[in-house]
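We call the chains A, B, C, D, E and F, going by the order they appear; numbering starts again at 1 in every chain.
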Amino acid sequence: MKPTPTSPPELTPLLVFGAHPDDIEFGCGAVVVQETRLGRASHLVVCSRGEAGSHGTPAQRVVEAEKAAAFLGASVQFVELDGDAHLEVRAIHALKLALLVRRVKPGLVLAPSLAENQHPDHWRLGRLVRDAVRLARYGSVPELREEAPHTVGQLLFYAVTPEAEPRDLASLLIDVSAPEIITAWTAAMEAHASQTSARNYVELQLARARLNGLRAGVSHAIALFANDPPVLDSLAPLSRGARRF
Amino acid sequence: MKPTPTSPPELTPLLVFGAHPDDIEFGCGAVVVQETRLGRASHLVVCSRGEAGSHGTPAQRVVEAEKAAAFLGASVQFVELDGDAHLEVRAIHALKLALLVRRVKPGLVLAPSLAENQHPDHWRLGRLVRDAVRLARYGSVPELREEAPHTVGQLLFYAVTPEAEPRDLASLLIDVSAPEIITAWTAAMEAHASQTSARNYVELQLARARLNGLRAGVSHAIALFANDPPVLDSLAPLSRGARRF
Amino acid sequence: MKPTPTSPPELTPLLVFGAHPDDIEFGCGAVVVQETRLGRASHLVVCSRGEAGSHGTPAQRVVEAEKAAAFLGASVQFVELDGDAHLEVRAIHALKLALLVRRVKPGLVLAPSLAENQHPDHWRLGRLVRDAVRLARYGSVPELREEAPHTVGQLLFYAVTPEAEPRDLASLLIDVSAPEIITAWTAAMEAHASQTSARNYVELQLARARLNGLRAGVSHAIALFANDPPVLDSLAPLSRGARRF
Amino acid sequence: MKPTPTSPPELTPLLVFGAHPDDIEFGCGAVVVQETRLGRASHLVVCSRGEAGSHGTPAQRVVEAEKAAAFLGASVQFVELDGDAHLEVRAIHALKLALLVRRVKPGLVLAPSLAENQHPDHWRLGRLVRDAVRLARYGSVPELREEAPHTVGQLLFYAVTPEAEPRDLASLLIDVSAPEIITAWTAAMEAHASQTSARNYVELQLARARLNGLRAGVSHAIALFANDPPVLDSLAPLSRGARRF
Amino acid sequence: MKPTPTSPPELTPLLVFGAHPDDIEFGCGAVVVQETRLGRASHLVVCSRGEAGSHGTPAQRVVEAEKAAAFLGASVQFVELDGDAHLEVRAIHALKLALLVRRVKPGLVLAPSLAENQHPDHWRLGRLVRDAVRLARYGSVPELREEAPHTVGQLLFYAVTPEAEPRDLASLLIDVSAPEIITAWTAAMEAHASQTSARNYVELQLARARLNGLRAGVSHAIALFANDPPVLDSLAPLSRGARRF
Amino acid sequence: MKPTPTSPPELTPLLVFGAHPDDIEFGCGAVVVQETRLGRASHLVVCSRGEAGSHGTPAQRVVEAEKAAAFLGASVQFVELDGDAHLEVRAIHALKLALLVRRVKPGLVLAPSLAENQHPDHWRLGRLVRDAVRLARYGSVPELREEAPHTVGQLLFYAVTPEAEPRDLASLLIDVSAPEIITAWTAAMEAHASQTSARNYVELQLARARLNGLRAGVSHAIALFANDPPVLDSLAPLSRGARRF
């Protein structure tokens, strides 16, 4: 059996899913902007217009998301599933997202975590994406025929809130300490003005990233969680662990 | 706060601990030989002469371990703790190993896993190494004064047997598929002739590596387990996940 | 940021959900009756008429549930979802229950646990209630417009059977040792005569409560499980732990 | 069987154990000062003089600890076990601490958590305290004869660092939002000037408490972890859960 | 209360569910053939025709499954649910399978495991079967009226891939070392020629069984996972444990 | 590789370890007496004389243990380790127990569980026994030379109290419903009159066994926990699962 060719995969696109217009920015915006600045094409898919939220109209939310995506250097699109606060885990949704995976052909996919004690749309979207990534590989699914099968390299989960951090998956910390990354990320979060004016979401996310940074001995870091065991060519990428205290 | 400088850490030494003369080869020999061939200095520390085992004399075991280390391209030394099948978790042992860590100044340390349903020397050594890596950082420990404090980048665990794979830590798969790596690893395992003639250890380890390889879509892979969350500069090292089936 | 006002919350209503007419009584009836006797208004919501069960007609079951609620000092209502043994996790159900939460405005909600190896209606209702409690807070959900948003203080789970006790949540033991509580609880359970004549449910529940009582050094106790970390003003409520043996 | 009498236990003493002179202040100082201000006598027991640390002499550390205890309103004493960075889990140590428990007769005990991936003295002390609390109850232990048996109401664990938070015990959040509590706690932490001048420990702890506060919808909160299921007289203490986001 | 009669239950039928035409053979074919050779009637239920797979037509897949079943000595039938890659967890499906359980009256049922990071049809079918086994017992479910209630003795899960092995259930190893069992199992797997010509599934399964055999000190073994605690009449069946290394 | 011969192992001796004179009777006495009545030789090893307990003198405790063993039909011996409430995990103790294992040559060993929130002697003895069972196999341990190596078939854990039931191992329920078994077990427990007159231990254990019996649909059952995956020749022993409710 021949090993999989290991040509540099860094330039494969990044595909990021969010349930509401601000989830991606709050949950992993710093990682996205860092990747786009490293030259990776990043595409955001938002699966509602936040129409059930306490603040902001759907039209405002779309404008805010587009502004935020610009700060992140990413493209963004909206996909209609069941609507905000109404999402269900249906095969038809997973297939819709799988078709999108086939179109974008990402090497890496980011989705909200599967921890269930959070907004029900978050973890349900995480499940749908996990299924979509798998279905995108299968050859004869009728709904996916218009695009060729595609195998994603890795599916990573982000946690929109502390409660959403999965207990059963080990965290990976992405160092996002460069000041320009934090600046752009903060701008992207604050672009969701209808939300940040009502609750201190920005403080929450910066505090989380700073705490992870303190653990890692850097300025700020974002925790991600791999769906499958990472496969590495050597020990080199493992040279830093978070053990400052 | 300034971020930790991120100069290439690949060339820092690798320090590997084993409780018995053959544990390192059986548990992670393929990873060690791959690292030495990539240019990383690797040093093996064996903490008994296997004097309680059913097969082989201590003198034979030492000769076998030295022969095996040569196949791996690593140096090897023996350290006296409590003796084979007699190891206890004592502060004095952790300090002895911590002094060794300060001398070798490794970037990466490998130790047997902490899962307790295996040979009692294995997990006890794993605990001692975890403590040693931490104590090596502290400035005023009297027993460590002769060497300067040293901070290890990451502590990784290997599993000598399937039962030793920790359930509570996510696995990282190291791709060791190059035929010359498998050849050198096999030679290192077979150097422990007193053991391999009595039980099919080599078959066990190759079957484990092959099964991990099948999962990852490569020829062979070794599972390791990080003690602390890996800290990464970007998503690039995460481009491959084990999701072949 | 101003702390949440901590005016005494003991008098907020208690809202309890059950999948079948007897689940509440068997799972947490002793807690409900104790609360009603302490002056807390308690309202029971039963989500089927037990029409798939082996014993008792739907009409009988409704009568039994009303009789049992009277023993507990609680009001009771029936809500139609998918019917006994047919419950599915649908957004429309969660919204229906969320509307009910908005109407009752409880400080505390009790629901069947999420452990999946029990009657499928039990854990599915638990999930629906968890979602409902969250959705009740959101401001613009169309189905909820007729009632004002409401924030529940805490969601607690009860376990109808030993298998339903969640392994991943720590238990809280409610001391229900007063003889009049046990008497009223037993009467409420026995009100479900169509069930208790067929199987020894009452013995099962009293044995569970007695075993928890023995652990806590009291007569009887009921285990509950908090969905979210309890927030306390001081250590005073933590003065008793179950460590009798 | 008669239920345990439930006379108000709030005024029983609080006994807090720390492995190093600053562990209590960093890990749970806000809780201690809040209790002393509520009138509970609090006694701190420190089990080394920090003599292995990178900064500060033992004499300085003792002075700092005494100054910090004064800010907390607590008494403090030093107990000799094996010395900093040398602690082992020995029966003789547990018995020494058990004798102390019998002398102080606390209703509540606080100890460092049992999570093993932290300073080895921390979790070893946690284990010793857990054993000590149990041994204090037994009637014929020769080393404990000079004091009468004593039963502690509850043993709670605190986490000195994020890594020390136990994954297998549910957290309880203690609201410490009153500005005077935060002020006194900060003063107690900064009393350890030899440590805080070297690393940003104070920022770390305030960030952790703020993040827990954000989750709970208050200013600041400290997470504690109960060794045994809390036993409660009613649902009243459970009226607030951390579910702000 | 009288104990359940313990007349020899070995001859009750075995009912095995698979989501795709080859899942049963790959996941637990060796166990099935061993049971049929011991005289137990075995019936396979396949819940799709593999119509979404990358290789093989539905017609081919059915022929392959029938050929494989013959090698296992089992009967086989196809049941229509939502179709390959489209399965959803619906009450109507669980009821359909429950009716089948009532018809076959098995003592033992085998189903794909509930671990969610595998083909979405696998774990969803596992959940449906778990619910079906429970619903088959209830007396008044309208959809099940045409058959009498039936209580299954035990529900066991098999894992089609290594990732599907549940972490939260202890494994039971079934010794399938007899050469004729391995031969028949291999023939049944190879009967799925459309699949085995595309990927090395047979090597994967034989490597898994060999690794479990090495652990148990036998030639080959298959891991199964019990949904409920096994109830045993004595310690006799527990005389062998997997502790070879 | 030839499979292990599977001649009937039922008649191999049973070796049971207890930390205090009454632990075996309270934790698994019903299982022991059932085995002796089935013809299996059972030998009890008690590792202290209960000299630290609140009730009973060491001399009384020995007499009680001998009387209890007679009710169980088992022989009993006392082994000196560190004394009651003083047990430590030392290599020398594991070796002492390993020598005993070699002498008795049991097929099955029972030991107290490893859950750490119980009497510290209990779980420490559990660990020592687990190590002893392993060391008994190794060929050249000097302290074990006087007896030939012996391989135990399975190590099972029992839980003296509810808190001691391990969360990470699946339970196996042993049906002990025969009235004569319960009678003999009760007599053996009551033989420890110095203990049972002070606390309601007998009620605790009968309530636990009854609750497990209710779950299993029988009169009484005892939960045990296997250290290693059970290896079975077929599915026949798995025909009963505990799923009554």
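Methods note: a residue touches a chain if its C-beta (ideal position, glycine included) is under 8 Å from a C-beta of that chain, and two chains touch if they have at least 3 such contacts.
The model shown is predicted, which means the values in this text are computed figures rather than measured ones.
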Intersection of contact partners for chain A and chain E: B, C
Any chain in contact with chain B as well as chain C: A, D, E, F
Distance-maximising chain from chain B - centres being C-alpha averages: C
Duplicate of the A-C contact set - from A-E, A-B or E-F, the pair where over half of the pairs recur: A-E
Equivalent-chain rotation between chain E and chain D, CA atoms, steps of 5 degrees: 180
Label of the chain whose CA centroid is most distant from the centroid of chain D: E
Centre-of-Cα separation between chain F and chain B, whole angstrom: 36
For chain B, residues that touch 2 or more chains besides their own: 1, 134, 163, 167, 200, 215, 227-228, 243
In contact (per the touch rule at the top): chain pairs: A-B, A-C, A-D, A-E, B-D, B-E, B-F, C-D, C-E, C-F, D-F, E-F
Interface residues, chain C side, partner chain F - complex: 160-163, 167, 199-201, 203-204, 207-208, 210-211, 214-215, 243, 245
Residues on chain A engaged by chain E in the complex (per definition of touch): 1, 89-91, 94-95, 114, 127, 130-131, 134-135, 137-142, 149, 168, 227-228
Residue ranges of chain A touching chain B (in the complex, touch as defined): 1-4, 6, 9-10, 12, 14, 31, 34-35, 38, 40, 107-108, 134, 153-156, 169-175, 177-178, 213, 215-219, 221, 223-224, 226-243
In the complex, chain F residues that touch chain D: 51-55, 82, 85-88, 116-117, 119-120, 163, 167, 200
